[in-house]
Amino acid sequence: MQAIKRIEIITDALETREVCRVLDSLGVNGYSVVRDVTGRGERGVQSGDELTDVFKNSLVLTACPPERLSDIVDAIRPILKRRGGICLVSDAQWVMH
Amino acid sequence: MDTSILVSSLASPPVLFFFLGALAAWLRSDLEIPQPVPKLLSLYLLLAIGFKGGVELNRSGLETQMLITLGAALLVAVAMPIGTFVVLRKRLGTANAAAVAATYGSVSAVTFITAVTLLGQLQIPSSGWMVAAMALMESPAIVIGVLLARRFGANEEGHAHGWGELLREAFFNGSVFVLVGSMVIGVITGPSGETALAPFTSGIFKGMLCLFLLDLGLVSARRLAASRELRAVHCGYAIAAPLVHGAIGVAIAWLLGLGRGDALLFTVLCASASYIAVPAAMRLAIPQASPGIYVPMALAITFPFNVVFGLPLYLAVINHFWS
Amino acid sequence: MDTSILVSSLASPPVLFFFLGALAAWLRSDLEIPQPVPKLLSLYLLLAIGFKGGVELNRSGLETQMLITLGAALLVAVAMPIGTFVVLRKRLGTANAAAVAATYGSVSAVTFITAVTLLGQLQIPSSGWMVAAMALMESPAIVIGVLLARRFGANEEGHAHGWGELLREAFFNGSVFVLVGSMVIGVITGPSGETALAPFTSGIFKGMLCLFLLDLGLVSARRLAASRELRAVHCGYAIAAPLVHGAIGVAIAWLLGLGRGDALLFTVLCASASYIAVPAAMRLAIPQASPGIYVPMALAITFPFNVVFGLPLYLAVINHFWS
Amino acid sequence: MDTSILVSSLASPPVLFFFLGALAAWLRSDLEIPQPVPKLLSLYLLLAIGFKGGVELNRSGLETQMLITLGAALLVAVAMPIGTFVVLRKRLGTANAAAVAATYGSVSAVTFITAVTLLGQLQIPSSGWMVAAMALMESPAIVIGVLLARRFGANEEGHAHGWGELLREAFFNGSVFVLVGSMVIGVITGPSGETALAPFTSGIFKGMLCLFLLDLGLVSARRLAASRELRAVHCGYAIAAPLVHGAIGVAIAWLLGLGRGDALLFTVLCASASYIAVPAAMRLAIPQASPGIYVPMALAITFPFNVVFGLPLYLAVINHFWS
Amino acid sequence: MQAIKRIEIITDALETREVCRVLDSLGVNGYSVVRDVTGRGERGVQSGDELTDVFKNSLVLTACPPERLSDIVDAIRPILKRRGGICLVSDAQWVMH
Amino acid sequence: MQAIKRIEIITDALETREVCRVLDSLGVNGYSVVRDVTGRGERGVQSGDELTDVFKNSLVLTACPPERLSDIVDAIRPILKRRGGICLVSDAQWVMH
């Protein structure tokens, strides 16, 4: 097993494509997306009960080598600034296969 | 105001189902139209109304009055958001004013459909090409709204979306696309296509509308209850806008010499506000504007107002002046 | 027992689709009616049956027999869960007995609808207001069940839900709300509303019922296979209850002097058990009771039993005594 | 080639909606038919076509020609994947060749349904039991494909699924199950069942097909754009296969002495490729094969080719030889 | 980046509203909810194939300052007691924006 | 609170049943499943826009005592080998109830 950083980004569903684009452009190995996340934060309740995706979040999870962390975080931060949401980073082990 | 119109509007199944949904939300029932059923219903309604409009267009062919009306519709779609912005900018700030302007400059397809249903019930004829007017009036407001926001300096820090994406969002968003596309298919296939699709596009249409209005009742009442950002100025505008825009619509319809049915539809297009396509676009294009303001204004105040009071009121006014 | 009834019940498309679903589960097919389609179908069926019942009510007006029948329905809805609880308390413990009592005291709308469809097929008339009886019988059992559980000391540690929430759950849950609401809308709009909605509420009704029963076949067979907690006592009760309650229903219907159609519907209301509204409520209100017991009892045993054997049996009995 | 056929095929609502979907994808509209609506539509279409075929079967009874045709269908379903594998093995490698062989050896229900709709439009009669031929041709290719892959040594390291699961996947997968099950129900209930379900299975059928084809247009165009693994050999085969298999189909239909309508349907079964049931099975059974190859081949090239060019072409050829 | 506690609570979907209510009443900064989680635990399989939400779970994720942890855990525990499920706490870094 | 290992497995949705079967056979205490996860990895984009489950992932999360970790990882690895995906392991605290 190999030490990696586990980054999870929860932000407005409208930015999902943008987050993925940023990760792609940084050349990360991969990422996973859970759409249809609701929640509450500074900007109020995102109850997801709308006809549009306006009040909904999504979660993007990516595991990356520790040395890539700061690049990714720097690239994601402007999106969070613009749109709100959170980005959590934790340590994990990656099961090689 | 002729009370029989009011009664026949309020006692029609779609409006009653809207009330039922609102009541469920108000009594905090756990009733829910689960996702993605509302999206499916919305798609279906646009497809059906577009297709039927296209078939009518195929039947009627190009008429002079149609072309003039479409021109007027386009003009309104450009002028109305500018006017709204001018009125609101001081009160709401540039970003919110621009977003509200776009919202009210565009149209609500469901309000239009409810009006068509009401006309059918009262057996007042209307033209199929009014659907084309609706399609024309959906997108311009988005572009105008964004232009206004950028021109008058809404802070664009963190602005990530270029004009290409924006225009695509305005003209090719799912709602506009299905509406226009189905209309074109209706024009191409004409009456033979209609025969094939009638049980789908006409037969179950009113039932599907009822189901969708049940959901809109739920969603709009819940959104109203959850909206912390709405203040008196927003609520006031959300009631005043349909009245003022509706009056403008009646006036234009009168000048254009439209029949009673078409006049009502034109008025409804002016008086209604978008709560699907425009909010999604505004959210991308003017992130500084607060969706907690423009969404509940359009969805939770103006939409119910139009469906419940607006339609019979506009029709009464039209009946008065046209006779 | 008249075999032609049995055949015409078993060979009707809805029942056959139920078998098909069960067979798919049994053969471990990957067939699946994806969420939220079953919820949509359930909503649709309640809306349609409620609306049609309301329209009938509008046509017939208030009749004495209707009022008496509704009174009897209410009485049954209160007495039946109490009786069930008394019988089961020793065997299942207070919490489970109360939950099962609520489940069997309430009704299954789909069983009712299947009975209506069978009557239509056999051209036996029934009254629209039996839908009102169904609506009346849905909620009381929930309240009685919870009262029993609390009165007879199911451990309430960690009990977090107050009576307000509970009553709301009982009377305003989504199923009851749509059923009652659509019925009221049917009463208000009457035959003109019916004409507008008929293709939706009647035309595609049987097809939608087939689709829903396909899903119920799947779900009930899978749930039966997955239920580790069911023991002989539960299975025995889940077969005995519809027979006993059905017999009570037949007797009351006879005393009330109902027609054959209404008698079958009344019997079915008594004999059926809720597997949507009540389990959801019990789960909140009596967390100590095990949903692994009362859900499969109602859904995987009593429901199929009623649809496959119960309906023709009850009708045969009624035919015997009524002629 | 008779242009009126081409026009009446291309200008039919289902094909136009397919184009509309593809156009939306191409213009990068955000239009989306949200999950699980496509699954529901697919289920509905299989249920409806199966049921209607079954009712026809009930009407016609067993005919000699039917039995012979079914035998021929079975033969084709076994021989075609073997032939395909022989042709492709060198070029694509064992695993991919086997998966493609299974894909093209099986059939596309929606292509079949579109052909049935086209025949209806042109008022060319066809037999209900052709649905049975379709059902027969769905599964064998899966088994043959896996047998070929294993026999010719696709690396089975990590192979986790036994034959039991595989056969279940082949013969009891959701698509086959609903199709066959609904057909059996149609046979059992016959014309009386048809009367009950007609508004559901026939009335709204074409509209539902349009909606589904709108989605297929979207999905196939997006998948084509996203497929990085497709090379010229794959694209070439995906065009060549329907032509060659279609020619074989025409020849067999001619030998069997089928009518024009049945001949077209038989040809379409030969010429079409599965993009729902088979890919799902291949993914489990031949994990070494790349779904990025066989899915877009069937879904994004062969399916549009058949619907747009294939159907009118095959019909023109049949018209030519049959007259 | 700032050290925070990442708390994830998986429990019966019927309790989602209750969990959120508890978090709201404790004044947490925010939380996210993933509905439609299935699973297996002591109380058997929650396969989510029902017409009601009876056999379904949901996941609530909240990031909070370490000093708030024990309050939150204490408030959540009774729900888990009553209804089952799990609550996992891990260390993470919060990307400030 | 008690130290446990948090294992999350993201792999092809077609293998969800297999992953659960493996976990069941190892006698884990429980697990949770989030279906409908999309993503990108070595094998390209899994956009989930298909009619089948062919291009979709799912996430399985299980919390286990540290001593069970290696068993579980060993049993999961062949699935990842065959089908791709990732398995992340991190430390967490389990809130006893």
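Observations on the model:
By written order: A, B, C, D, E and F. Residues from 1 in each chain.
Convention: a contact is a pair of C-beta atoms (placed from the backbone, for glycine too) under 8 Å apart; a residue touches a chain by one contact, two chains touch by 3 or more.
Note that the coordinates shown come from a computational prediction; the quantities given were computed from them, not determined experimentally.
Chains that touch both chain A and chain B: there are none. Taking each chain's centre as the mean of its C-alpha atoms, chain B lies 40 Å from chain E. Note: centroid distance chain A to chain E, computed from Cα atoms, is 19 Å. In chain F, 34, 36, 81, 90-91 are the positions where the chain touches two or more neighbouring chains simultaneously.
Residue positions 35-36, 39, 199, 203-204, 280 of chain C are each in touch with at least two other chains.
Pairs of chains in mutual contact: A-B, A-E, A-F, B-C, B-D, C-D, C-E, D-F, E-F. Every residue of chain B that touches chain A in the complex is listed here, in rising order: 35, 38-39, 42, 157-160, 219, 222-223, 226, 228-229, 275-277, 279-280, 283-284, 287, 291-292, 295. For chain A in complex with chain F, the touching residues are 1, 4, 6, 20, 24, 29-36, 61, 63, 90-95, 97.
Taken together, the chain D residues at the contact with chain B in this complex read 11-13, 16-17, 20, 23-24, 27-37, 121, 199, 203-204, 206-208, 210-211, 214. Those residues of chain E that touch chain F in the shared complex are 10, 34, 36-42, 57, 59, 73, 76-77, 80-81, 86-91.
In the complex of the two chains, the chain F residues touching chain D come out as 12, 14, 18, 36, 43-45, 47-55, 78-79, 81-83.
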